[in-house]
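Below is one structure, written out as structure tokens, with a few remarks after it.
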Amino acid sequence: MNDEEGRVDLDRVWAGVAAQVWRRTPGSVERTAGRLLRSPGLARALVTTPSLLLGWVAASAVVLAAGILATRGTGTPYVAFVAPAVAAAGIAYSYGPGIDDAWELSCSMAVSNRMVLLVRALAVFGLNTVLGLAASAASGVALTVTFGWLVPMTAMCALALAVATLARSASVGAAAGVAGWIITILARQETAGRLTAAVTDSMLTLPYLAVAAAGAAVVLFATRTSRGTS
Amino acid sequence: MNIELTDLTRKFGRTPAVAGVTMTAGAGVLGLLGPNGAGKTSLLRMLATVMPPSSGRIRLLDRDPGDSAQRREIRRRLGYVPQNLGYYPGFTVVEFIEYFALLKEMPAADIPRAVAAAVERVGLGDKARAKLRTLSGGMLRRVGIAQAIVNEPELLFLDEPTAGLDPEHRMMFRSLLRDLGQRATVVVSTHLVEDVGAACARVALMDRGRIVFQGTPDELTDRGEGSTAAGDAPLERGYSAVLAQARS
Amino acid sequence: MDDNELIAALAGGDDMALRELFSRHAPWIAARLRSVLPAAEVEDVLQETFLAAWRGAAGYRGEGAGGWLWGIARRQAALWLRRRGRADAVLAALAAADDPPCPDPADAAVARAELAHAIRALGAEGSTHRETWRLMYVEERPVAEVAELMGVPAGTVKSRAHQVRRLMRAALRRGPASEGGRL
């Protein structure tokens, strides 16, 4: 037995001990997401989304609850007004250099930023839809109005995300999403004379979808990592 | 050759940050020297696949980073320490390194041991579960190095990694570089000439977007012989001499 | 912090205490294990030892860190070897490592030879005494478990264990030289 083979590498042993002592066990949400997305990294990025964190979810729920109460009092569907703005802010705060301190580093990762963006956007949007549906049940607003949210919410999310990505600032994106929504409401009120028109008028669906598509295109373009080089 | 660059260019608007760099690198440590604004950071960003080139050819690990599938393969085998790392204050040291190990698509079963080994290797074993917001600047920089080496990369790019490190840790860092350079291609960008002399087998000097010198540290020192160039140490004099010549 | 304080901290989940305990005790435990096991196996057992210490720190009764840790190391080694179906002789040598460490390989070899002789005095492999010795003293199973495995009452196990000890003491007194050519 020569000396080299006979040496016990204590550093390696400690690394093995520390590995077990320091390891983090993913929660059930993360594990499930990891299996669904077929990527533990993507799942981890998802559960660490700033806007999905508990505080943010709670704040969103509070904002929507306030909207419900306002609706009940006045009969005007304030809930419908508030929901897209909440969704837009959520999206803006979920992604991008404005909110991600380690942005440049994450641009060099095998799990691409674009995938992280997509997954986070879907999660935030889905969460807001769930909150919105719950709000709708609570306030008894008609189903058409409820589904009228999904479309404007998507549009405002896409707008917020596009601006956040271009401006490299989550706050600017959130502001853009909220501002865009306010402008839409006021513009519709001008033409139709009713506040509710901004949400319920199905003629707006096409423009909303156009905004959503444009926003998505901007984001995809801004997050491209490489042009083809030979 | 792990890195092959041919006439690589990167422009911002009309200004070329990198103006036609041709270079190859195999295993070992390559020091990238140059004054501020020379284009070192832009070059490193292109090497780390963070930024696409404006023109020219780049091949990393015999793959084309312009193709998304190959880029993903490159990134799994890559480590990068940007100049301004940024960190997540609420994460612990271990959580931060583990996060990027996951994003590099390391096999999940290998990650705990790799993270522990990386933590110990940069001398943060007694801070493993401390929150990042409680760490000093030098410690944060070491965390940045740890996340870069956790996947035992074949390509390692470090942009001003020793800024803020005390002398003891700079020495530890140099020996870490020499270790890593035995298997990987390491490119270290720095304006600290003495770091280069101690750890790098080869040196490239950049000025205004171009490479004006490639060779060993000794060869760079030789360029300063008998010149009146500024510098306290021989390597520094070589550095100044080459720069002066390039600009004349 | 002294060792007892470290182990108390361990029970409280202080991983830095584990790190300190490791740096103090891993070297000598590794050396002792090394006298009976190859390096790669020592590394595995050492790792399991400190993980077991981490998990079981609450059970520490102040009996002395060294003894406590060595006890864990022996149990972990026995567990590890049992899982891999390793030969009795190695396990026996492990028991011998309880004695003051012999840095001289020649001394260690002599100790092993004496022990091997004592084991042979118990009879052929698979015989009752040999089995009893293996289960009780090498694999350190509790009496109830041995009784179940051998299909006899606990009292029988105890008396067999007594006989085993008697036979081995006698053999060790005689020494291996008396064996002649017997296998």
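Read from first to last, the chains carry the letters A, B and C; within each, the first residue is number 1.
The rule we apply is simple: a contact is a pair of C-beta atoms (placed from the backbone, for glycine too) under 8 Å apart; a residue touches a chain by one contact, two chains touch by 3 or more.
On a predicted model such as this, the values are computed, not experimentally measured, just so you know.
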{"item": "Centroid-based (C-alpha) most distant chain relative to subunit B", "value": "C"}
{"item": "Chain nearest the global centroid, as defined over all protein CA atoms shown", "value": "B"}
{"item": "Centre-to-centre distance between subunit C and subunit B (centres being mean Cα positions), rounded to whole Å", "value": "50"}
{"item": "Inter-chain centre distance, subunit A versus subunit B - centres from mean C-alpha coordinates, in Å", "value": "33"}
{"item": "Distance from the mean Cα position of subunit C to that of subunit A, given in whole angstrom", "value": "58"}
{"item": "Two or more partner chains touched - positions in subunit B", "value": "125, 128-129"}
{"item": "Shared-contact residues (touching 2 or more other chains) in subunit C", "value": "15, 19"}
{"item": "Numbers and ranges of subunit A residues touching at least 2 other chains", "value": "14, 16, 18, 20, 22"}
{"item": "Subunit A-facing residues of subunit C, complex", "value": "15, 18-19, 22, 26-27, 30, 34, 38-39, 42-43, 46-47, 50-51, 54"}
{"item": "Subunit A - residues contacting subunit B, complex", "value": "11, 14-16, 18-20, 22-24, 39-41, 44-45, 48, 100-112, 225-230"}
{"item": "Interface residues, subunit B side, partner subunit C - complex", "value": "125-126, 128-129"}
{"item": "Contacting residues of subunit B [partner subunit A, same complex]", "value": "45, 48-50, 52-53, 55-58, 64-68, 71-72, 75-76, 78, 80, 82, 84-88, 94-95, 98-100, 102-105, 108, 112-113, 115-117, 119-120, 125, 128-129, 147"}
{"item": "Contacting residues of subunit A [partner subunit C, same complex]", "value": "1, 5-10, 12-14, 16-18, 20-22"}
